[in-house]
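Right, I'll just put the structure down here and ask away after.
Each chain gets a letter, A, B and C, in the order it is written, and its residues are counted from 1.
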Amino acid sequence: MKFRLNRRSLLRGMVGSATVSMGIPLLDIFLNENGTAYADGSRVPVRFGTYFWGLGLTDTPAGGTRWVPEKIGSGYEVTPELKAIAGLKDKISVFSGFRAIPDTKPNLVHWSGHASILSGTAPSTTSRFEAASFDTRIADAIGTSTRFKSVNIDASVSRRPISYSTRSGSTFSSPDVTPLELYNRLFGEGYQDPNSDNWQPNPEIMLRQSVLSAVTDQRQALMKSIGKDDREKLDQYFSSVRDMENQLAVQLQRPEPREACILPRAPEELPKAASVDVVNANTKVMARLLAMGLACDQTRVFNFVHTGGTSETYIAGERKIYHQITHDEPTDTLLGYQPQSSKLAGLVMEGLGAFLEELDGVKEGDGTLLDNCLVMAFSDTGYAKIHSIDNIPILFAGGAGGRHKTGQHIHEEGSSVTRVSLTAMQLAGAPVGEFGTGSMRTSNPITEVIA
Amino acid sequence: MIKSIRPITNFVLLPAILLLTPVSVLASWTRSYVIEWNELAHYYGADTGVVEPGTDCPQGTNPEFNWVEVLINAGYTREEAQWLRNPANPTRSPVHGQNQMAFRGKDRANVYINPESYPDTGLIGVSGNIGEGINLDGNEDTGFVSPTGEAGIDNTFYKTLGCWKTYRGPERLSSGALQFNDGMRNGSWTMVIVVSGEGVDPMNDDNVMVGFYMSPDDMVKGGDGNVVEDYTFRIEPHKKYEGLFPARTENGIIVSTEPVTAMLRDPGYTRDLELQEAQIKLEMKPDGSLRGYVGGYRPWRPVYDGWVNARGPVIEALTWVELPSVYYALKKTADYPAAAAQSDRTHISYALRVEALPAFVVSPDASEVVKKVVSYKDQAPQLTEPSRGLFSRIQIVDGIVIDSRLEHRAGPDAIILPSSNP
Amino acid sequence: MKLSRKTVPLCALVLTLLFAATEFNPISAESRDQLEKTDQLTIAVRRLTESQYRHTIRDVFSPEVEINARFEPEQREGGLLAIGSAMLSLTSSGFEQYFALASSISDQVLGDELRESVMPCIPVAAIDHDCVRQFVSRFGELLFRRPLSAAELDARVATAETGASQAQDFYAGLKLALTSLLVAPEFLFRVETAELSTASAHEYRLNAYSMATRLSFLFWDTTPDKILLDAAASGALYAESGLQSQIARLSESPQMAEGIEAFFVDMMQIDGFENMVKDPAIYPKFNQLVSDSAREQMLLTINDLLITNGGDYRDIFTSNKTFINRALAAVYRVPYTSQEEWAAYEFPEDSERAGLITQIGPMSLWAHPGTSSPTRRGIKIHEIFMCEPTPDPPADVDFSLVQDSTKGTTRGRLLDHMENAGCSSCHGRSDPAGLALEHFDGLGQFRTLENGVFIDVSATLYDGSKFTGAQGLGEFLHDDPRIPSCLVRNVFSYGVAQLPRYEDRDYLQEQTELFANNGYRISTLFEEIASTAEFYHVRIPEGIKANSEVIATTP
């Protein structure tokens, strides 16, 4: 007889305000764990994407905030600049107070913030990251069985294409910058309709199967003459192996006809202008194409740029660009913030709202495509007027296949942004335990949002 | 909320360290600090807001320009001016847009480097009589009255530029101060202050020295995002940035006993904060912090050049001034040397507001706690010539961004409208 | 504070939890017959800890192999993660993580940079049967901690050759074989086996490879090396002289520092620093760097005192020799007079510090986010160093009075516990040690006042012992007989990854005396324990079944 497991001793890690990552070490609990699964045992894949917008949101040192909710935890209130995502609030977690920490490096304006979030290291010069952007690690983990490891999109209609996805730190991926380019990538030459008969298995999958078969071959030898508890442990281990085998087997079969996957029509050209109405229209059209690309399993990882770091978007008919307004508009005495900047921030966030609604509009399994995605939306600055890299707004949208405990507001004053990045990697399924360097090195994900 | 009571004697020597310290330079008491905030000592006379009227600026700050009209006045056609200012056109393009704003002088001269090629369109200065800083000339009849009633405060820099939007606002909230202090607190540079005295009572000591030094060590932010006290900073011997002030203390307030020449690190575009006849007035607060002013006469031309080199068109558009007016204003109000004719005055009275937290300051090799204020310039390496005109990786020439890869550039002869651009 | 009427003092019962129940012996004569037909019994399956995994990969392949992965959470039982490791398996998502990590390790090990130093042979073609076998059998043995069976070897060779022929690349195939070894249960779990002793046909003894594994993980926190495996293979470990020479070899190696450190990290619960939270309004100096540094300070102190200097274990409660860095210096409010990342430092007498437990690490870890906690500190001191766990408080306590931290001292607030009979049985044990540490706040910063009131740090234990302040507590702990006996118990439990049995009490008592005679030296204690038969004792697990039945019940 073994001594009893004390259930309370497991929960003791919860004292204080911190939730401690406990896992579920009790056999009877994890034996029942199934995850989100189809009837045949294959999982709906989790997709991951980044969504970038320029110039942050309004949170002034004078105390006026237009985006940080007052309520911490679940059920946060919708703040003015988050209005565009109000309808999807329960599927979105908001992170405030996190900052980039450049240590001895300078704050390279409109660069250090997102370079830190993506690469974990403060950059030394503009135009380069010191390390790969973390989306590539996720793509390595979850993007290998689809036609594209990742898809990069820039909706900003800028002078030069913008992408912040890089493996080397110096070469950034070339994004699709028009709906037509994106359409051609996803649904042009080489597109395999999962609903058609013409389908080829991926030989890579068979090799992974052979890795596992060598393991499972030994099962009987191992299970010989073994105690009850030890057998349960090994049963659980082999059941985990079997889950993976099932996934592989499913990938070797002709894909399930995907009801949600319908070949979209080629998009029409949109006017080419960087004004916010055009960028948002572009965002919506490209999001719809992307959503179908995900539903048709052409890719599982994407990087989407709405507007660049030094955003040049503007309100059509007005004479200043957003970037200029963030710097030159004085703080309104009565309101406590810059009204025009805040208005633009709200308009820019409408792009994100439209983007997420497109993902949420595709039914998948019992829920929506968004429920199976983790979209990490973030910006380059906190308070753009002074190029602050404190309190950079970050949002997680989508349930990550049930792994993301959505609908929360996490506030950690002064904590490193890399903690959010690490959390995203773990939620998306990348086997990463540590991220970042210097003061931004962390192995401490934000457990509150991990189911 | 728990607030632990801080012993006033912050830096009691630890026995272990005393043993290690060579019996060399020892004052009878020492206190040391790290500057966690420094900004222009600009008295703010409004209740709230930045552009709103106040006793300092009864009309509010200098208003925003209509740049289309400015360009038309400078000789551009309305069509050209509108194209240049249309946000739908790439405004940072070296071909058109903002760079062309440089060329609005006589015969389209570059107004940033030839400000006198352009008329003085005026800059509204401070008209209130309250100001902050130090009575530099000892004359109580010149200058401002301090908020606490001290007469003769010399701060003409404030009088001249205090209604410029970027440099106006409540303490620690003007955008100019926020921008540079944010950078400093994030590690762009660090300055420490060491105060040492020979008397018995640090609060009342006639023989005090105050040293301002650079440090290679960053400030550290704590869980609440503020700079944390009690970190250790090494002194970084620096050929330029060092200031040593003979002083005395009176009820905890440190005041200069003789003016000196000092060079500090400027929390602004100029980098060099050179001060003639410099003095300090700093209070050792009961909570252990240090707060007050460093004042002196500052050469005004390098300050003007700082704005030009930070990209003239950007400064103009974002901060609502015409740089030639800033030039004229400084030139007209410069007040040092007092004996010189106005047109020959190269310096202007100036004050920096300084806030510093208790910190440990150690020798450059970190081997011992600094126990006396001395100069470290002899130990400093030669300065390497700074790469002037570089803003991030962009090359700035004469106040505008130069992209040599492009065929068409802004300039006196640039063709403005794309329709006439072959 | 209110307590329900039903609440009964439980502290007296605590000690019973610290020993396993009487040994389970299910083997009837009938089933013994069946057992004897099988070659070996699997008597324990323990998941590798993160540090064991990391050390193994480093030692088997190269320190250059980067391991960036998320490990499944570990669980502490009976005070030790080592015991908890016997309760853990792998979830599906955990397995995916290990699979991805295994692929990444294979890619690195057999990639261009490391391949040359690792390969035992040079392949002559995409399919090179001999070379694959050499590789798999060499590294299979190091990873499984025993030689591979023919079937295990053949399965990997087949995997390698399938891959190699498909890609027409020898290494592409070999990577698959290596990945397969790295995701195997025989690697991810320490599978301990027993076999019938040659000396007595009715007794089981620990298999020699399992002996080697216990030794290696105890002394080095890593997989057995080739020499140790060879000693197992030859049967040398079964002989007293063979065993002694291996113990001597292990303990003379510098790698023993890692083994001792791993033990103390487990025993002293030097974990949880990553998730530590402090209220920034109350402790503005706290940040992640302080937290990481506090942990490192503990390790450096232990290393210096107990390993490098081979000191007296009890001195951890009194020695003030330690190491600080710039961040810790700021919290301790002393200048940092070094250009190095860390510097040796000795707390002066007036700092009131006394040994390891008064450092920032324990003082902040055993506290609340916004206050110190004498109760928690006392509980931890009793639990970790005296092997006296405290039961959980009753479920219906009204904490509102205790929680109001804006008035008076924590000591005053805790008097309630002492005055209530239901509370005092436990709090009377736990709190005094913690109250003596009240000159250190919830971040371990020195103070003499709380809310403007002077803090009294005198303490009286339930047995009447009196001391004052951290230094008084340190001296008390230094001389308390429970301290060495608890350590001995923990080293033994850690090594065998099981709670000791009642039958082991005399044995542990003897070991404790020996420990004292040897000057309370840790490395000697490791050697002594590893030299005893008790360390290799076989406990037959519950529910063990004969071969045929197992086959019949496996789907």
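Here is the rule we use: contacts are C-beta pairs under 8 Å (C-beta built on N, C-alpha and C of every residue); 3 or more make two chains touch, one makes a residue touch a chain.
Computed from a predicted structure; not experimentally measured.
**Q** Where are there more C-beta contacts: A-B or A-C?
**A** A-C
**Q** Need the central chain here, defined by C-alpha centroid distance to the all-chain C-alpha centroid.
**A** Of all chains shown, the one whose C-alpha centroid lies nearest the global centroid is A.
**Q** Which integer distance in Å separates the CA centroid of chain B from that of chain C?
**A** Once rounded, the distance between the two centres reads 55 Å.
**Q** Centre to centre, by mean C-alpha position, how many angstrom separate chain A and chain B?
**A** Here chain A and chain B have centroids separated by 41 Å.
**Q** Rounded to a whole Å, what is the gap between the Cα centroids of chain A and chain C?
**A** 35
**Q** For chain C, what residues touch not just one other chain but two or more?
**A** Within chain C, residues 280, 287, 289 contact more than one other chain.
**Q** So which bits of chain A are touching at least two other chains?
**A** Each of 413-414 in chain A touches at least two other chains.
**Q** Counting only residues that touch at least two other chains, what does the list for chain B look like?
**A** Answer for chain B, listing residues that touch two or more other chains: 221-225.
**Q** Within the complex, which stretch of chain A touches chain C?
**A** Against chain C, chain A makes touches at 1-3, 5, 8-10, 12-13, 15-18, 20-25, 27, 30, 33, 35, 141, 203, 206-207, 210-215, 217-234, 236-241, 243-244, 413-416, 426, 429-434, 439, 442-444, 447.
**Q** What residues on chain C touch chain B, complex-wise?
**A** 278-287, 289, 326-327, 329-331, 333-339, 345-346, 348-349, 370-371, 405-406, 441, 445, 447, 449-452
**Q** Which residues of chain B touch chain A in their complex?
**A** The contact residues of chain B facing chain A are 48-52, 61, 64, 68, 85-88, 90-93, 165, 170, 172-173, 175, 178-179, 182-183, 186-188, 218, 221-225, 317-320, 392-393.
**Q** What residues on chain A touch chain B, complex-wise?
**A** 61-62, 97, 99, 101-109, 125-127, 159, 273-275, 310, 312, 314, 318-321, 324, 327-328, 330-333, 385-390, 413-414
**Q** State the interface residues of chain C toward chain A in the complex, per the touch definition above.
**A** Where chain C meets chain A, its residues are 17, 20-21, 24, 35, 38, 40-45, 47, 68-73, 75-78, 84, 87-97, 99-101, 104, 149, 151-152, 155-156, 158-159, 162-163, 166, 176-177, 179-180, 183-186, 188-189, 191, 272, 274-277, 280, 287-289, 368-369, 392, 499, 540-547, 550-551, 554.
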